[in-house]
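Before I ask anything, let me first share the structure, which is written out below as structure tokens.
Order of writing sets the chain letters: A, B, C and D. Residues in each chain are counted from 1.
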């Protein structure tokens, strides 16, 4: 007996699902015991379901390769096989919403990567370094649905992850941010598999990602919001204008940010002060020593040409945000380049950190 | 006798020099009769000097392949061989400045692609659609140096070309622009050859191009400036904050632009009005039917995912700017994506259009 | 009235279909008047059916953009709208076979790019420079089906095109080829759109293309075969061993070839003789001045590092094969690198050249 | 005191030199205490010498970042600072040869990655799984030069590594190989940094790598040779015909191999037997448990589309060869695809494994 908590992965054969399988391979707390995917894969061994399509390194982790894949729609099949599930479902939004609720309704908490429940009023959208207390809304959610043990918690879109921690660190240090222009250059893994056609990514970029700019501009406000009564009330700032681009990079979203503080000129922080705030930023995951938490959530580099996706995405297990080129902005106050790993921090490992947060707060007891 | 004006190309073996050779192959007014490069190439036939390194399509234009390459430092070798030269020199800034002046001093006008003389007070930095009248400063320049026939005219950095015409069209239509945040994704050909290492451009982007942001932010002000007395006085606006990135694209610079007008809310143009201004924009090169002028300097597309470098860079001979995704900005007034061909409009063909402008204005008479 | 022959394109919205539309835009003999695709596109204007997915340059040719798309399954809709059709259908093999026969059965000849009918005994698989006389089998085919005017002619797989003409030129010159090891590096456009995932083509190659090696190894034998009675009898040689790889290139298939002649040592041609044979190779399309025929079907280059896809694929309208690195082989007799444009010579333009051959031979009269 | 052997790295700032630094970071036996490079870097701290050019991941290993860089030409500076050196020198061949001999002459063994001494008669060219006993020639070498402690050992070219171990395993199992046609698709890291221009590697491949085919064809014969008297006598077989191509891949050389056995038909091994030989292949490094030795030197995969560089290059620490697509050859006996990591197995880690072999055999005692 490993003594680890048995977990399931929904959408286990997709890009993010595979990343969950890979990142949970040696997890100290969790162990994958249940995998579910589309009816097409159901009934096959996991290794057969993903044959010729295993996307991450050479080998499927041994413990999962021989698990049988269940039909994700058949949510009751999870009962007794795992305590909670990670959702990396790839379906229509409404179907995902209904299915995640079905799992929760039978007592199986859902830690989701999908966007379907991000704007559900009583579902927390968590970045553990920023809003760990939003887990308080889960009690409201359970009560609302009449759920005893099950619940849903989600993570935000991957495109935010490159700049949300840095922005939050500034706000927390007393430097509120008024507005930002953000241009992202996003990796193809963010579109899943097969995702973006190679015909569009050789000698080319695509200056558009469906729905991404809206997510980037709005989700940050819920994350920075506060619980008022039985809902999470959005923050009013920062105002974000996002330009989201797809570029020929495997993993790692890069963001060019111009930022204006909501402060009088003489109260605005210097570049040195901003760097000091970032380098010293620590939060709940670091204090609690959560297994997937980066030691340094924000890394600041001084080389002129960094961060770069291939060099910096793996920083601190792929969980740190790397910032470079911090300099004055001719239009706003400061500008910089920020980078994070979109399928680690921005997807599977971010989801796993959420689960670690929930476990640390006792949400997985008595399941 | 072709009746064409004989021209030379300085730096003829480099990336931009080759593009000049290629684009002048069937030019109705000009004919390459003189090529010059570094001492290493001097004395070789052009085809031997670029063997294994011809970068543009399969074949070197027949008329140039067998020209002997001169040492560009030996400027007197150009006398009698050509009427004026295109400069695509790749050397130190001070050396280029001195060498371009040497050519001018012996009566050979220099139409330059190099940055060395861009900030020389009496040298015009031309985009023929925007500031064709800046050629008036040439008289001052000649007088100042005591040059009889020779002179220097330059073109700006390639990174501006994607948004300068659209911005100017708006200003000219009565919609002054106050400030812009511009993030560029620039092609590798902009760095010359061999230029950027492939190790940096596979599964990667580089969020930095040395000197590029400063050029982008400042050159626009000279281009939009006006001649006052014996110098060109810079415009004060727009204020530009530029983030310049290198991406794995062969040709075509893309810019994501957020823009604020210098107008009261009720005077700001609608999206429809902006599009109308752009689509109808014509200027001196179109009026004069200059051979390399695009019919439509600004093309507006309505697909959600355009412009894209590989699809749109060749629009109107590679001389048009293609704009897409025109939409409101949450932080400023409007935002859009703009694209131009950096080695055609942004370099060699832009230089050729400058020469056509100068010829149309009579600057090449009596040489 | 243009006086051109009206033609249709089946599968008009796919990668090859679009290439047909683009390459027929200014064709001197043919004019697209009918486009058909899947039921999903049927009833839409062509420009709306391909919106956001037009793959070739900036603009859909004006004459086709506003054509209404028909359901390709509804073959009778072609009657009266076009004289013959190009088939770039993307469906199951059996469906394509049946559908192409349906068009032929109602008197509409089918010039096909699809593989469905390549091994049909009485259907010629044409490369006009190699086996123009295989059109003689069409009479057998018509008789067999009882077709009056309709018939089917096909072209071979794109991967062969890089080396079939050079090999045939040698055979024709009296130098029979016994066996070859061929390793191809094939462009992503060969897989259609969306085709290969960008996740597989960034920092990667894929050493496998389903079915491609078999096609390459076997189709050459039919092309080099001869009509005996009412069928085409395959040639017995050359024996080909093919390794087919997908590489991150947009257009242009490259083949590394090691080749052994079926001749005694003292009869084998020298490298100079081989080059002479290739450079002088001309055939029916050149003799008849077919509009899409390359002037020089085989181009030999002497630079050490050519041919390269981006530099050489467009040679002679994308219809020439470019060969380089001809040198002795340590294992067989000679080795070389050969390159052709897979969506021009290898697909749409190759199909158009087949139609030109058929027209020149009178197969489109009295339709 | 770490108790580890202090080692130096010559050419420490180049691509392979950096890979040595990275791979030695946590080595159980060796510790980098001396770094040398070109005069340009000499006198700087290592971190300053490679600033903006550190190529491998985010961070320079802490123990090396603050070492001062010596001028590699000043070989006496190594005395007392390290026991032996890894050579990743990038200079002219003759200079490297002389300099490596200089280090050896003062008692500092040189484990080299450079090609300069590969064909020196008394210098072993080692792949520890294949010819560990070639170290016996070192005694001859020392005697010949009159060297007391110093000596030179080299590793072969990276392009061989993908297929040498599989070929040797077959030979060792009693299946001699007569001839092979090998087509490689090689990663850009093999060309060093900056190495191949990005202009040549976007939407392109280059079918030529200077000197590579000759190395591939000839070095295998020395590796498979045997010591006779005071020199290594080359093997006569296999005869190799190599086609070497550069493709847009960061790390990982792929080889498509067609192979003929030197056996009568009825003695040739079946595909099953070949796979059995490969899967069970073990040699000296495995028997001695050398720290960098892969557990399984040869991995055989059964997916149809593997090996692929990005998925398989890191197999067993980047030290295993991965083989896939084993199948009959229509021209020879069998064909397959083989892949190895060119800067790990093929360069730095291969060099480190050589040093481990030499240490295991006692060559570093009494230094």
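Methods note: a contact is a pair of C-beta atoms (placed from the backbone, for glycine too) under 8 Å apart; a residue touches a chain by one contact, two chains touch by 3 or more.
Computed from a predicted structure; not experimentally measured.
Ranked by distance of CA centroids from chain D, the top chain is B. Remark: among chain pairs B-C and A-C, A-C carries the greater number of C-beta contacts. Distance from the chain B centre to the chain C centre is 40 Å, each centre being the mean of its Cα atoms. Taking the mean of the C-alpha atoms as each chain's centre, chain A and chain B sit 43 Å apart. Centre to centre, using the average C-alpha position, chain A and chain C are separated by 47 Å. Each of the following residues of chain A touches two or more other chains: 55, 200, 202-203, 248-250, 304-306, 310-311. The part of chain B that touches chain D in the complex is made up of residues 15, 55, 188-189, 193-203, 248-250. Contacts from chain B toward chain C in the complex involve residues 51-52, 54-55, 57-58, 202-203, 250, 299, 301, 303-306, 310-312, 314-315, 322. Touching chain B in their complex are the following residues of chain A: 179-181, 183, 185, 200, 202-208, 210, 217, 239-241, 243, 245, 247-250, 254, 256, 258, 304-311, 324-325, 329-332, 335, 337.
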